[in-house]
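Below: a set of structures, written as structure tokens.
Shared chain: chain A. Partners: chain B in the first complex, chain C in the second.
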Partner chain A sequence: MAEENTLNNEEYDAVVLGTGLVESIVASDIAAAEKKVLHIDRNPFYGGDYASFSLIGFIEWATRLRDRSQVPVVDIAIGDVEMQLGARKSGEVSANNLLPETAQGSCQVGEILAMLSEYLSSEQLEQLSNSDVLKRLAGESRRYALELAPKLTFCRGPLIDVLIAAGMAEYMEFKGVDANLLVTDAGVERVPDSKEEVFASTALKLIEKRKLMRLLTTISDPEQVSKLTSEHGNEDFGDLLRKQFKLDGSLLNAVLYAVARATRPISVSEGCARVEKYLKSIGRYGRMAFLSSMYGSGAEVAQAFCRSCAVAGGTYILSESIKQIEKTESGYVVELSHGRVTTKSLIMHPSYLSDATESETEVPIARRFTVLDFPALGEDTTSMLSFVEGSHVVSMLYLTSATMVVPKGKSLMYAWTEGRYSQSKELLDRAIDSAVGDKAHRMLSVGFECRALAPRGGYTCTPGMADESVDLDSAVQAAQQILDAFFGSGSNE
Partner chain B sequence: MHEESRQKVASYCALNNNVFSSKAASVFTHETLDLTTRLLKDNTELHTIWNYRRDIFTHLPEWTDLGTRQTMLEGELQFLLELIKSNIKSYWMWNQRVWALTELPKPNWELELGLVAKLLALDARNYHGWDYRRYVVSMMKKSGADPSTVDHNEFVFTTDQINRDCANRSAWHNRSKLLPAELERSEDREGVLATEMSMIMNAIYTDPEDQNAWLYHEWLLDIQESDGDRNRLLRDKIAAIRELLELEESKRPLIELVDAFVALDMLDAQAVTGEEKRECMDILERLKSMDSYHRRRYQDLETQLRRQWNTSN
Partner chain C sequence: MDTLPEIAATFKILLIGDSNVGKSSILLRFTDDHFLPPDEASATIGVDFKVKMLDLDDTRYKLTLWDTAGQERFRTLTSSYYRGAQGVILVYDVCSRESFDHLDEWFEELSTYCTKDEVVKMVIGNKIDKEAERAVSRKEGAEYARKHQTLFLECSAKTKIGVQQAMEELVSKIAESPTIRRSPGRNTVTVDESVSSGYGGCGC
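For the complex of A and B:
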């Protein structure tokens, strides 16, 4: 193709490697400042750590495309057939032998079997090729949007501000998150997060209503918040809730985990800020604090930024491998499979450094999701959930056809927590079980671990993975830091 | 002033003078009607012109033809709807709407009720809206709707409104008006009262400083059938306040506690113990410093109670 040559020796103001959300925001902002941007992804898809896939696309990612240093193992269960996509099984039946037999059913089924065959025993392959569940999943493959790091958008926060300012909100579609739920032994409980909810709640005891309202009104009052933070700012937020606000049991869990999302201990200042942000988000677009974007979260938002970057003149190449990166006096020379370019700035996801290793400071995230053959928590609705067990907190999202990520009548439950997958798998399963019960409804279950890759000194790198937070604002803040450095801090506004 | 604004003012004044002189000359024509339309769009608060406009309507020759009158007044309702949206608190426009509906040969009350529900959704505590709603409901009953169904629906409507915002005074007030009939209709008087009590308690615990639920509780006392029931309601109230105060001391519950004891004492002079009386004095003392604006009020109540209860310092 002609483009192959046009790349050669082009000069750019910035080359951005990776199309995850952080990289995409950075690329879009730099292009908006009328700089020349080249934005590259080694994968054939957008979204990086936040990518979203069709069902077949997900299997393809798991078997062929994922970066094995970042995601070493993927567990997949289709109906009753379980497999682990780590090491490949050798000497088993080649998929090609099997294809003619199954192709008569559906070519999507054949495609999936071909990709999975090397991880399966011949009995499993036989079982799977006759699986009714697989046929149903494969037949509607394109109606699934399965995400590596599903997230929500705060109704008031940095991301929504950027989307509005850049006019992107006009062509993106969002739905409100209908409920914030706490998963308990008795099932799911709605978190009463506003005065109306507190008043109308039948789950709360009267005195609990008073305790909760006392907290909500205190945190809605800037004067009282500044008094709290000046007196107790560095103390533990959980302790403050227990001692000063006398919260305990599921009420404490609701505030500390479902609202403040303290998956690790947080200070009083941090806790107040988080609850305040949550409360301010309520009422902007309705009664809920969060929005969920249609067709998937981070990848959709990332693509919106890429689009606006392209409109501002940015150049895009997918499926482009990086051969070599060379530092020069005035910038970098990047050798790509389609040529060589020079750039003043180079910003990349750490996985683009050939010798990137797992971060020693960042805790990995264990993730699990399952496709259910019924709308477990209601059709046409979106919920966020928290499951608390001792000191472990699992964040969860329940999605349906409301955001077009599953076909009608199906639902999708994500669960994730900080920690090794091997040690958290059961915890995540218990969380999903407590929320939706009955395993018989699971069509597809997937589990994997995301490891953060550490940047190497001397390079400007974006975060090594999508973090465990439930919203996308941390990605915007990470992008802002990089942009501040790029433009020289302070010059941007 | 900008040239543009200057012109606007000039044309408004000309129109204003024009309409007022037509009024003085008792001109009742389509032309003058159109002039009032233009003027009222600019200034909805000219009640003289709303009055004049009604005069024009009734003096038009077509007025006597009921079909034409229906069309004209339906147009008036539409005109008012547009204007009311921009100034929901205008007495004159609500007045005009009531007039138009009264004169309308075939009024559609169901439609009006739907409209007022929409207006209340925009501004749930608007007393014009609530007042108008009561008017519409009374007209529905007059024009043949089953009164008990209409009232029950209204009662349910207040439940929805209070659930949406438990500080909606208009909704609590309307509920208080509807409750007696609701009690009469229901075969389970106790059940209805228990629901009311739980609603009050929920509101008190959600926001003890908001006075709506406290007032409603007082009112609920009034409609009890026996002093025994009143006694029980007051003891429930006292227990709730004690629980609230344990968590945090605040003004309204303290005042309500004293009030509850005073009410209890009026029902039965033996009901309030000496210790409880001393507690009341103690609370009034604290209130004087907590709420210094009403210091005198607490002082007055204290003096009165001391005399009544014969307690000394």
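For the complex of A and C:
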């Protein structure tokens, strides 16, 4: 069946490069319109910027597979052994010869040590090969789903609508997010995010309850919202909350950051729209505004779209190298390792451009996550958190075995913020410390920076990275723009 | 039986194996008792999964049977395909030595996603109606399955032989197994078009 596995001179309506969420939605939608789609990823895994990995898979990504122009450096600490995986490998002695005999007992431990050894001193290597923490992590590698860009799904929003419309609910399982928390110096506190919460809260003073009720009532009323936006639409939402609704302190932080997620200043119109969306999401599937998908977020959703594309006839190849892209009068000729194909349209993640560079307009995202050996904020729960320090806002997610992303009894805390990793590392650490305290329980800590890659003229490109938003709706909007252009201009672009 | 038995459990069952071994045909034969002639069948397009009730010993099971959607062609099945499966059927074509040899690779892929505590595996040799073209003997198939400690059967999706029996054996083995996670959706949210129209989550 040799001919089955080559693509020689096949013709497609669209070739899509990259299997991140945006590309996958695009591919699925084009295939659903009965167009012939070829969907390619150069990596051996699905998900692109949204990928999720087993523990060993993550180490493999960090040491071997990551795109170094997008993620230049990865910090990893296993127990107390810290290492930095830089842009360039040190290229010293061959790793395997150095592996201490103690590592040979478990092939998973050996596999991890082999990948990391060139970044470690011989003392560290010895220490790590005897590390009980590493043995425990490696032994349950498959039970971890560690994500590059963890996110949630709004109960009411574009993504959930698309999932329902495409009949993809069968592909995925969701759990409600149990709490929206504000991280303060005193620990974590629950955000009073609905009228019921405000009413039932014992932490809020009566006057605070009145202020919040007034805000929630205003934003739940379309007439009052349109009055507010016509009068103050372009003003700063934070100012409006301070002046008109007299919010301050943690109450202001709760509304502005935990609910409206104003990680940078937003207008009154934008702020009202975000709070309104949040409030409308509550009650659809329970008392929470967000859902968390099982086994991870973006990569799982992306794979659901890929399957739906395949069901509609789309062809999938992973680990495929793109040798050459040539523009012709009627489209493109793409030279792949499985053969040469022609296509009317070509849609790609900018990292597929051979000379991709960092975007000058988009701010990078500094990310940090840690695996804890106990359920720090409760077993079987999922929470979203916000940590505010001056003008800096850190978004956080707390996950447990409830969504099957860590083994039973462990937990996972993600934290991210806009900015360079080198400048934000300590801020992220303070956020995690404030939320979970005690450093002794950290089995694995990871930090890295994601840079957006810039598109290049003449090509249809998807966003150059997964953005900093806490939900997946922006990916759907980005996909929609590309689809509008695709279907709007016919397929002759 | 006067009343319909209640559904005792729902099982997700996957079919994997090389292209053209007849995975979709087995699926269609079992669920719809239908067989597409070769010129109509060709490569799988449009088959996602099928639902079928199976009654065994007065117990009713709901089976969702998942096809590969053609993603096996370049070995690009999504990891999410394997999630939450209780049964996996590895199919080869008894007339294709290559498809039989490739079972090793399918077992390897399977082992990266599922442990033996989580799924019951079954090896099926399909197309036994084409006896003259047989390239893998029944004995060889059975030995291979024994080596991998899985169930084994030969069948023909075309003539029906063995298909129903295969499903029954697989399901009863799943039902017997104490370590298999029964209902995949413990406390999960069913995402559907909800009637509740928003604001504040009160049912009033």
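The rule is short, and it goes like this: the second predicted complex is superposed on the first by the 469 of 493 C-alpha atoms of A that agree within 3 Å, B and C clash if a C-alpha of one lies under 4 Å from a C-alpha of the other, contacts with A are read in each partner's own complex, and residues count from 1 in each chain.
In this text, a residue touches a chain if its C-beta (ideal position, glycine included) is under 8 Å from a C-beta of that chain, and two chains touch if they have at least 3 such contacts.
The structure presented is a predicted model; accordingly, all values stated were derived computationally and were not measured.
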*asked:* Taking the superposition on A as described, I'd like to know which of chain B and chain C A:E196 touches: first, second, both or neither.
replied: both
*asked:* Output check: A:K246 vs chain B and chain C. Expected answer is one of first, second, both, neither. What do you get?
replied: first
_Counting residues of chain A touched by each partner, does chain B or chain C come out ahead?_
C
*Classify the contacts of A:A33 with the two partner chains as first (chain B alone), second (chain C alone), both, or neither.*
neither
_Quick one: is A:Y46 in contact with chain B, with chain C, with both, or with neither? Answer first, second, both or neither._
second
*Across the two complexes, find the residues of chain A that touch chain B and also touch chain C.*
195-196
_Which stretch or stretches of chain A touch chain C in the complex?_
1, 4-5, 46, 142, 156, 160, 163-164, 169-176, 194-196, 216, 220, 279-287, 291, 294-295, 300, 303-304, 306-308, 310-313, 315-318, 338
*Report the residues of chain B in contact with chain A in the complex, numbered from low to high.*
163-166, 201-203, 205-208, 240, 243-244, 247-248
*Can you check the complex and tell me which residues of chain C touch chain A?*
18-20, 45-49, 64, 69-71, 73-76, 78-81, 83-84, 98, 112-113, 115, 184-185, 187-194, 196, 198-202
*In their shared complex, at which residues does chain A touch chain B?*
195-196, 198-200, 206-207, 209-211, 213-214, 246
